[in-house]
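Chain lettering (A, B, C and D) follows the sequence in which the chains are written, and residue indices restart at 1 in each chain.
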Amino acid sequence: MEKELPYVPGQMMALMTAKELKDGEIVFVGIGLTLMAGIVAQMLHAPNLTIVYESGCIGPRKWRVDFNVGDSSAADGATALTSEWRVFGDLQAAFYDVGVLGAAQVDKYGNINSTAIFGEGDYYHPQVRLPGSGGGNDIGSSVGRTVIMMKMQKKRFLPRVDYITTPGYLDGTPQARQKAGLVGGGPVAVVTDKAVFRFDPQTHEMYLDTLYPGITVDEIKSYVNWDLKTAPQIKTAPLPTKEELAALKRADPGNLVLGREEARRQIRDIHQYVAMTLAGRYHGL
Amino acid sequence: MQHNQRRATNKQMTLAEAVSRFVFDGATLTFGGFIGRDCVAVVHEIVRQGKKDLTVIDDSKTDITDILVGAGLLKKWEGAYFGYGALGLAPNFRRSIEQGIPYRVEVEDWTNAAISMRFLAAALNLPFMPTRSMLGSDILKYNQKVKVIQDPFEGQPLALVPAARPDVAFIHVQRADITGNGQIWGFTGSDENKVRAAKRVVLTCEEIVPPEEIKRQANLTAIPFYCVDAVVHVPFGCHPQSCYGYYAYDVLFCGQYHEMAKTREGFLAWLDTYVYGCRDHQEYCAKVGWDRLFALQHLERQFNRLPA
Amino acid sequence: MEKELPYVPGQMMALMTAKELKDGEIVFVGIGLTLMAGIVAQMLHAPNLTIVYESGCIGPRKWRVDFNVGDSSAADGATALTSEWRVFGDLQAAFYDVGVLGAAQVDKYGNINSTAIFGEGDYYHPQVRLPGSGGGNDIGSSVGRTVIMMKMQKKRFLPRVDYITTPGYLDGTPQARQKAGLVGGGPVAVVTDKAVFRFDPQTHEMYLDTLYPGITVDEIKSYVNWDLKTAPQIKTAPLPTKEELAALKRADPGNLVLGREEARRQIRDIHQYVAMTLAGRYHGL
Amino acid sequence: MQHNQRRATNKQMTLAEAVSRFVFDGATLTFGGFIGRDCVAVVHEIVRQGKKDLTVIDDSKTDITDILVGAGLLKKWEGAYFGYGALGLAPNFRRSIEQGIPYRVEVEDWTNAAISMRFLAAALNLPFMPTRSMLGSDILKYNQKVKVIQDPFEGQPLALVPAARPDVAFIHVQRADITGNGQIWGFTGSDENKVRAAKRVVLTCEEIVPPEEIKRQANLTAIPFYCVDAVVHVPFGCHPQSCYGYYAYDVLFCGQYHEMAKTREGFLAWLDTYVYGCRDHQEYCAKVGWDRLFALQHLERQFNRLPA
């Protein structure tokens, strides 16, 4: 299905998301690939980025890969180790600048579905049952701004998601978020494996902002189920640099997050995994 | 409200005793940790004892709940997240909801913050906590327990979530004394609230230490004895999850579970091997391999150690 | 004013209060003399008494005297050191058995005033402004049962206090506390320097239960501004034992809590105070 | 709501700078500690700088507020307790309210638990917290800010207390780094909530340590840098109060204050000696006597030390 490209799409997604994170900011990251964005941002251009995990870890140093926000690795070199409800409280109290969220479906106003793909069914009888909000709704509700990460697929970019797990700009009307009582600013970017989208400050509608090398506007539009607007000047993202690819490699030496089952099968046993992780530890950051 | 009767007495018992004494068919449970430090060994014992019609109220607790669903013991899930993080979706949970195999589990969707507030409310003996999560979302459309009000002080919309008071909380901690004073290093999740919210509390722990050892770093005693009914010594009780300062996450073992559980037959084979096929947690450890467990301990201690 | 007695009234008060505390219980103590009761109970008959201070200290070993619940001494040998709001949360969640409270005024239903003596004035212009609730209201509202400590004076035992800082049985009507929404059981004893009072389980009215040696019923009644009922069999408290007096001495070697200014003046300088405290530390419990 | 702008930058400054920059006439203040670990040195500096018309929202904080009342700077007290524990009543507070000397301070009575809930509410960015304190009492008769409701879940009476959001919180901690990560040993009072509730936060500390030292025991970081505006090194900053692990309570000095302050003249003489007569906290320490301070340090360390 994928065309041959001079980069691995998942890597490009992590790097483009990382670029959304500025040095000195505080980022609240979700689960899975979103974890990688924070780690490589810290390695590349944002050494003073503070990462917060919803389990209760604030300001870790990333010496090994996290598979979950609650792995003990999430606490490596942390500045503060505290409770889940406390970091969610700090999130609600507007202490955190930016959040990174995965999504299964997104709509034109940046609302996210990560609960259930209804298909022919409904909430109670869905075609695909997804994990649910986790902390996603909380982050999208209250963080300063949100970056959404997801793969481009036709069924995923919709005029209206089946279920709003995490509010974007709701129905797009002025002040819709404030009227609902939400603290945070809402989504500023949707980073995919083919392009980056942003939101019109007036209409809150998602538009195409940046294409990855080798991707065309028509291809993007073919994935999007509404009449997608584009930036007056569509930008093209640069190819990943060697330094960037090296950072990704350092962040996950076994490629276990992007590579999943296939990468895990490359690892002989736990001892090889331990050795690999320790090598990353001592020669990494 | 009945005043608490729990005293600083010796509460040590075996895992089998604790599960048998406190978990009943139809009980509502919660577990400590947060996708890390989850007490996996407890769930294996619950499955071995076949406690059924259970409800779990929790934030993100897939490693535990996916086994309960597959084993046919979880009646209802009131929670926020049912997935395997970077590993993917939860195979038994999906099969249950999408295909009704082996049955359809009842689901009530929440968010992590909302669940954490439900436990904070109960811990403080309050009927509810306010939160600014979930507003504007479809979670509110399907979850009738949340009440949205205009707050009487500032006039803004606010969601009220009811206190969660499970029958039993199982919490795995690094250190406890025999009376139930428990200390946690690393993130603490919602554990300090869960122990106060639940009617009965079982601590499992990596190490049992004398009371004087607890007093040396009293600021780390997240759990006072007066919340606790049982103390169980279960080293490596979180495997394949991590336990800060003791052992790292076993991504390969978790991955193997995840792949086997993609088919019903594969999951049942896994369950036969690692749960029904082990009389207790010691046998589970032996089957997993002590050298493997010590490798994970070695790995963790290169990164995190408990202060001396 | 005081008659000559074979004991110091403050000592008797601390000891009689201590006897209200049972081994194995959890006691939430207030400020001042109430602190002494918990300490000597632990020394005398309740070695497994757990003391909780509202500052956030749970289960300390009492090696030196506390002048306040927030002195670092309150943390000596503690089992858990946590926050103020957490121990108040645990109080509200019915984890604590018994509370000990001082009072300036008490009324026949055990309501306490520690806010202001109105005199000819009112709340805004009181004759004497007292410290206010502190944690007193919170303890009296939610703890399993309350023991009140106060000196007997005519102006202090009233049909109705000027201001209910801490609810006792309110107007004494059945279920008055439950109807108000209170969690705790209410007062069980008023321990004074001359007698101990208890409360009728039906009428919730305070009655005379125990006299100290050498005190008469008539004397007690002369201090009480309502028609005081008495127990069918009024008990007489035993004189303090040598062991009891020794425990008080060990708890406060300088007699600084009971003796106040006068005792402080006996201490030459900080070095003597330090030496005295350390002597208590090493030869005490 | 304005999102937070505070970063992990060097925030070290002098006490004079911090008070001058953040405290304005008419400001609402709160202080850390709980009749122990109160930042007394801060208040001396506020008095020296003559910041006036102040409101203090706090639980029990007499050592600090009695000086402010006597110095004529406290306009309003929203608090729970204004007394000296085993030492007796608060002399300046009484004189102010009973006799209007030097003026009548405005008082709003609360309880400690209620005040702690007001700070928890603000820390969580909630308009209020529920509590079961104060019900049935006369506190509710005079304090119009509390709303009593029938709770919508269980139908019981419940008191709602509004969030407290002071302009400045001053918190004294044992250790901080220069970016404002603060660690507390011993009881923590309401400090972790106050730093989140206040618009500006000044940490004073016994020791400034490198960030790596903070990370060694990250579970004790009650205060993250993102809550903090200024870090000030003020050893013995709580004297005559205690600071867990650093120095014991100076009951003789406190007693002397208490006796002198029983008359207006005595208080003014005390103020001249220990506040106006000292250019800064260093001079105060010298006047109190370094040998005295070290004796209190010696005493404390026989009982409580920070773990190595």
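Convention: a residue touches a chain if its C-beta (ideal position, glycine included) is under 8 Å from a C-beta of that chain, and two chains touch if they have at least 3 such contacts.
If you're wondering where the values come from, they're calculated on a predicted model, not measured in any experiment.
Undergrad: Report the chain whose mean Cα position is at the greatest distance from that of subunit B.
TA: Chain C.
Undergrad: Decide which interface, C-D or B-C, involves more C-beta pairs in contact, and give its chain pair.
TA: The comparison resolves to C-D.
Undergrad: Would you mind pulling out the distance in Å between where the CA atoms of subunit B average out and where those of subunit D do?
TA: That gives a centre separation of 38 Å.
Undergrad: So how far apart, in whole Å, are subunit B and subunit C when each is placed at the average of its C-alpha atoms?
TA: Centre-to-centre distance between subunit B and subunit C: 41 Å.
Undergrad: Using the average of all C-alpha atoms in each chain as its centre, how far is it in Å between subunit A and subunit B?
TA: Here subunit A and subunit B have centroids separated by 26 Å.
Undergrad: Among the residues of subunit B, which ones contact at least 2 other chains?
TA: 125-126, 131-132, 156, 158, 185-186, 188, 192, 219
Undergrad: Could you say which residues in subunit C touch two or more other chains, in rising order?
TA: 75, 81-82, 92, 183
Undergrad: Hey, which chains are touching each other here?
TA: The list of touching pairs comes to A-B, A-D, B-C, B-D, C-D.
Undergrad: Enumerate the contact residues on subunit D facing subunit C in the complex.
TA: 33-38, 59-60, 62, 79-83, 85-90, 93-94, 97-98, 107, 109-114, 116-117, 119-120, 131-139, 142, 156-158, 185-193, 241-245, 247-255, 259, 292, 295-296, 298-300, 302-304
Undergrad: With touch defined as at the start, can you tell me which subunit D residues reach subunit A in the complex?
TA: 1-4, 7-8, 123-126, 181, 192, 196, 211, 214-215, 218-219, 221, 224-227
Undergrad: What residues on subunit D touch subunit B, complex-wise?
TA: That would be residues 125-128, 130-132, 147, 149, 151-154, 156, 158, 160, 162-163, 184-186, 188, 216-217, 219-220, 307-308 of subunit D.
Undergrad: Hey, which residues of subunit A end up touching subunit D in the complex?
TA: These residues of subunit A touch subunit D: 24, 26, 48, 50, 58-59, 75, 77-82, 86, 89-90, 92-97, 144, 183, 185.
Undergrad: Quick one: which bits of subunit A touch subunit B in the complex? Just the residue numbers, please.
TA: So the residues of subunit A in touch with subunit B come to 31-33, 35, 53-57, 63-64, 66-76, 81-85, 88, 91-92, 115, 123, 126-138, 141-142, 163-167, 170, 176-177, 179-183, 256-257, 260-261, 264, 267, 269-271, 273-274, 277-278, 281.
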